[in-house]
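The structure is given below, and queries will be raised subsequently.
Naming follows writing order (A, B, C and D), and every chain is counted from residue 1.
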Amino acid sequence: MTYMPSLRSREIKIAPQTPISKISPFWEGLKEGKVLATKCRKCGKLYFPPTPDCPECLSSEMEWVQLSCEAEIETFTHVVVRPASFQHHKPYTVAIGKLKEGVKVLAWLTGFKLSEIKVGMKVKLAAKTTPEGELTYEFVPP
Amino acid sequence: MTYMPSLRSREIKIAPQTPISKISPFWEGLKEGKVLATKCRKCGKLYFPPTPDCPECLSSEMEWVQLSCEAEIETFTHVVVRPASFQHHKPYTVAIGKLKEGVKVLAWLTGFKLSEIKVGMKVKLAAKTTPEGELTYEFVPP
Amino acid sequence: MRKVAIIGAGNSKFGNRSDVNIMELAFEAVKPALEDAEATAKDVEFMALGSTGAGAWYAELLPAIVTAEHCGLTGAGLVRCEAACASGSAAFFTAYSAIATGQADIAMALGVEKMREIDTPTTMEWIGRAGSYLWEFHNFGLTFPAYYALYATAHMARFGTTEEDLALVAVKNHKYGSMNPLAHLQNRITVEDVLSSMVIAYPLKLFDCCPITDGAAALVLASEEKVKELKVDTPVWVAGIGYASGTANLSRRQHYVGLEASVLASKRAFKSSKIKPDDVDVAEVHDCFTIAEIMAYEDVGFCKKGEGAKLIREGQTEIGGKIPINLDGGLKAKGHPIGATGCSMIYELTKQLREEVERNRQAPMKNYVALAHNVGGTGHYCYVTVLKR
Amino acid sequence: MRKVAIIGAGNSKFGNRSDVNIMELAFEAVKPALEDAEATAKDVEFMALGSTGAGAWYAELLPAIVTAEHCGLTGAGLVRCEAACASGSAAFFTAYSAIATGQADIAMALGVEKMREIDTPTTMEWIGRAGSYLWEFHNFGLTFPAYYALYATAHMARFGTTEEDLALVAVKNHKYGSMNPLAHLQNRITVEDVLSSMVIAYPLKLFDCCPITDGAAALVLASEEKVKELKVDTPVWVAGIGYASGTANLSRRQHYVGLEASVLASKRAFKSSKIKPDDVDVAEVHDCFTIAEIMAYEDVGFCKKGEGAKLIREGQTEIGGKIPINLDGGLKAKGHPIGATGCSMIYELTKQLREEVERNRQAPMKNYVALAHNVGGTGHYCYVTVLKR
């Protein structure tokens, strides 16, 4: 390819601080090893990801409930080519699991060889603190 | 103010490389101390900033012409609160000057005290290489 | 073309909203708008969202999608409209069109912006790039106040407009902001406060500038048939919308004493609505900086070019004057969450036309006609919306 | 609602266009579109631009403004429309509406994207954030191929769709891409090439994915009155547009074997155009990944759910088959400059309906009806546009 002259733009660094006041119990829950969802006190609908406002009835009267953690894999992928901020990770497997309460969760799936993973497989959803101290959750063998 | 919990997003750094192939003579000109504009061979209109395509008649037959550099200040400002990538600069004055050829140029205005600058004042447009080696142009005392 | 009315309006508290994310902030406008319209989220067939900071000022890259999910609007047709600081008006225009063409019976325009999740120099950097990055930012570091300051200098040189005249705009808008519980800045200020505030970009000082604000506003629009079917008490009709644009490079503009896009968009709005400037009972004009309000008086046609300062000096743009302007505090005091502003202007005018605002800032109504003038960038975009009860 | 026709179409060369900036690239579509319409830039009263990378993938923050200045469109009403990968279709819808309502007689939809001014991991980062940043990207680093890979895994598990079936889509689209001088990838490939290419996100491999492409496409639209006045030879009429959205979080979706937004938008498009899937002579469907094309066959209604693989296996989506699809090479081979794609699909269909494409990739016309299916994000947005000559 021939060289094409270009002008390098001034660099911008961005890392917005997303407020989590209204869903802070979720992160508190992770610290205690729990994965929490919200449930609308008005219409009874359960939400994961948790939300402080009910999309169904627009009520903001929600309660926090702990999920059972028993899940069944609905689908999965194994991410080989990774985005810039995940370059330092090894390839990772992401799955969507349906919990017995009916809500679904998208998270990393660890503890399996890729060839062992099947749609319909039972797994466990677990809260986790990464070695870097970040709070997250993942699917693991039951 | 009370502390509000937040989640810091993953940082992205951006600095796109803008192609300048079609207007590279402009930067070549700056290196030689010239400020160049483009003129449409079809409709005769003169453009600054230079453009390879004529917005008036949509012809892409343009020629490069050197500007006279004699300018009159149409307006100006003095930028005290500066954007992130200009934090290391001292406050700077920006002016729009009209050249005798009729086109206008927006650039820094140096060599004057702020109180000396008046709309209507005559200045000179000059090509410049910054101490960091970047090519630019500015208005200076005539 | 079908007639279209605003049947519901909602506006979040404006300010430093570090208590909510973009979805939660949008909800604070969407819910009251739907309640006001006595409609549900599922009634909304199309939603146009105005926002400019996606992925940069806040992390979510698809604000129309995440706010729709949060507010129960998923399923509706969605689009995000960007017209810089006029994004909210562009979203309103798009939602309006979806109904006017008969493609939807109920649609929503939602404006939402988070501007305070990043630091101020980075915000200044982003907004400074809104124009011509290559020719006016890269080498010269123009900021948003600086672009308008170029207009202020020229207007002062040409018409004798003074820094005191500019300050009067801020004083007026803070006065009304202090009466508006939704406003970001609710303190009253004096001319002296403005003149003695720090210079941001000469001749503009801190109090000549709007604050950096988070906020959201939403409007529910409906067709004439739907208005009848729902037996809406006080529909506010869209009488006409005008739009125009200006060059990216300020150096390509003809002059610096007014915004050509404002002039053109206003003419188009008056033409399509068959309304004259004199018919307007109350207006919102784009006062991101004090000079912007003075130029708007002239460009929209509330006075002749060069007489804007006279209008503010005489108090003609306050309640009791010829044409009360920015009775919600304007961008200057209510705040200017970029993508939300257009919708918030129309929210305010809807409430004014329905005579539902706080009593001390209610404009007297003669013709029940209102006008919103919303500029994007430094006259890069302009949308003018005329409403009639 | 007034009838609206496409009277001019232009499309730049797609590919790695490091020779041009965003304005110059737009010009390569705008100029031929205006020439095709025998119109001038000044005739355009409103222009809607589709682009998603402003300020991030390329430095200019207001692409509608800078491209308008570059192409002589300044003065027109402008808006940038974002519907992720369906931004071009959203811009088309907006320009269409401006005419259908009677607010403009001539309008333009322009799609333009520069994607190669930044490095690939950063591009992957940006696009991966398009969904729910907070819940699906921040902790889990989903990429765009990965989102679609989740659908591929589920579709394969449910319907027995195989990696070979997916590969057939790539083979077909490269075949037609090789006949399209505007296409980014013009090499023919085999099933074996696809299967042996590196895994990007299991089960999707490199050749299951569209390339990272720069490109622009523009359409000039006009009212029926204007079409008559200008004596346009071959107007292509907009028969109907359908739109819909899906949840931000994939975890909130009902299933992973199709896109609900595609189903809903298609139904709405067929309803408003009074056209059935069987009437369509040629279609463009959103094949950012091979699985996306298979799901689109089913979701739009060219076959039943689960039978998409059968359609490609039987060659029914090639010329001579039941419904020829993506004869320009599709996103897969022509390339997918995000904000330009919707306009480029409509460019291709306009040329197909006018029977002006290269002979070996011209679809036979029976009803002169064409359909463009354009998905934004992973079924976050969908726009379906039906055209009729």
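FYI, a contact is a pair of C-beta atoms (placed from the backbone, for glycine too) under 8 Å apart; a residue touches a chain by one contact, two chains touch by 3 or more.
Note that the structure is a prediction, hence the values are computed from the model and not measured.
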Furthest chain, CA centroid comparison against subunit D: B
Averaged-CA centre spacing for the pair subunit C and subunit A, given as whole angstrom: 37
Between subunit A and subunit B, centroid-to-centroid distance (C-alpha), Å: 46
Inter-centroid spacing, subunit D versus subunit C (mean Cα positions, whole Å): 33
Multi-chain contact sites of subunit C, meaning residues that touch two or more partners: 18-19, 21, 55-56, 59, 69, 74, 117, 122, 125-126, 132-134, 138, 249, 252
Sites on subunit B at which at least two other chains make contact: 4, 6-7, 9-10, 12-21, 84-85
Arrangement of touching chains [line / ring / star / complete / other]: complete
Residues of subunit C that touch subunit D when the two form their complex: 1, 21, 46, 54-56, 59-62, 64-66, 68-69, 73-84, 90, 93-94, 97-98, 100-103, 126, 129-134, 138, 241, 243-249, 252, 260, 264-265, 272, 376-377, 380-381, 383
Subunit A residues within the subunit B interface of the complex: 4-21, 24, 27, 84-85
Parts of subunit C lying in touch with subunit B, wherever the complex brings them together: 16, 18-19, 59, 117, 119, 121-122, 124-125, 128, 132, 134-136, 139-143, 145-146, 149-154, 157-158, 198-204, 249-253, 255-256
Subunit B contact footprint on subunit D (complex, rising order): 17-21, 23-24, 27, 31, 34, 41, 55-59, 69-72, 74, 114, 117-118, 122, 125-126, 133-134, 138
Subunit B residues within the subunit C interface of the complex: 1, 4, 6, 9, 18, 48-49, 74-87, 89, 92, 94, 96, 103-108, 114, 118-120, 134, 136-137
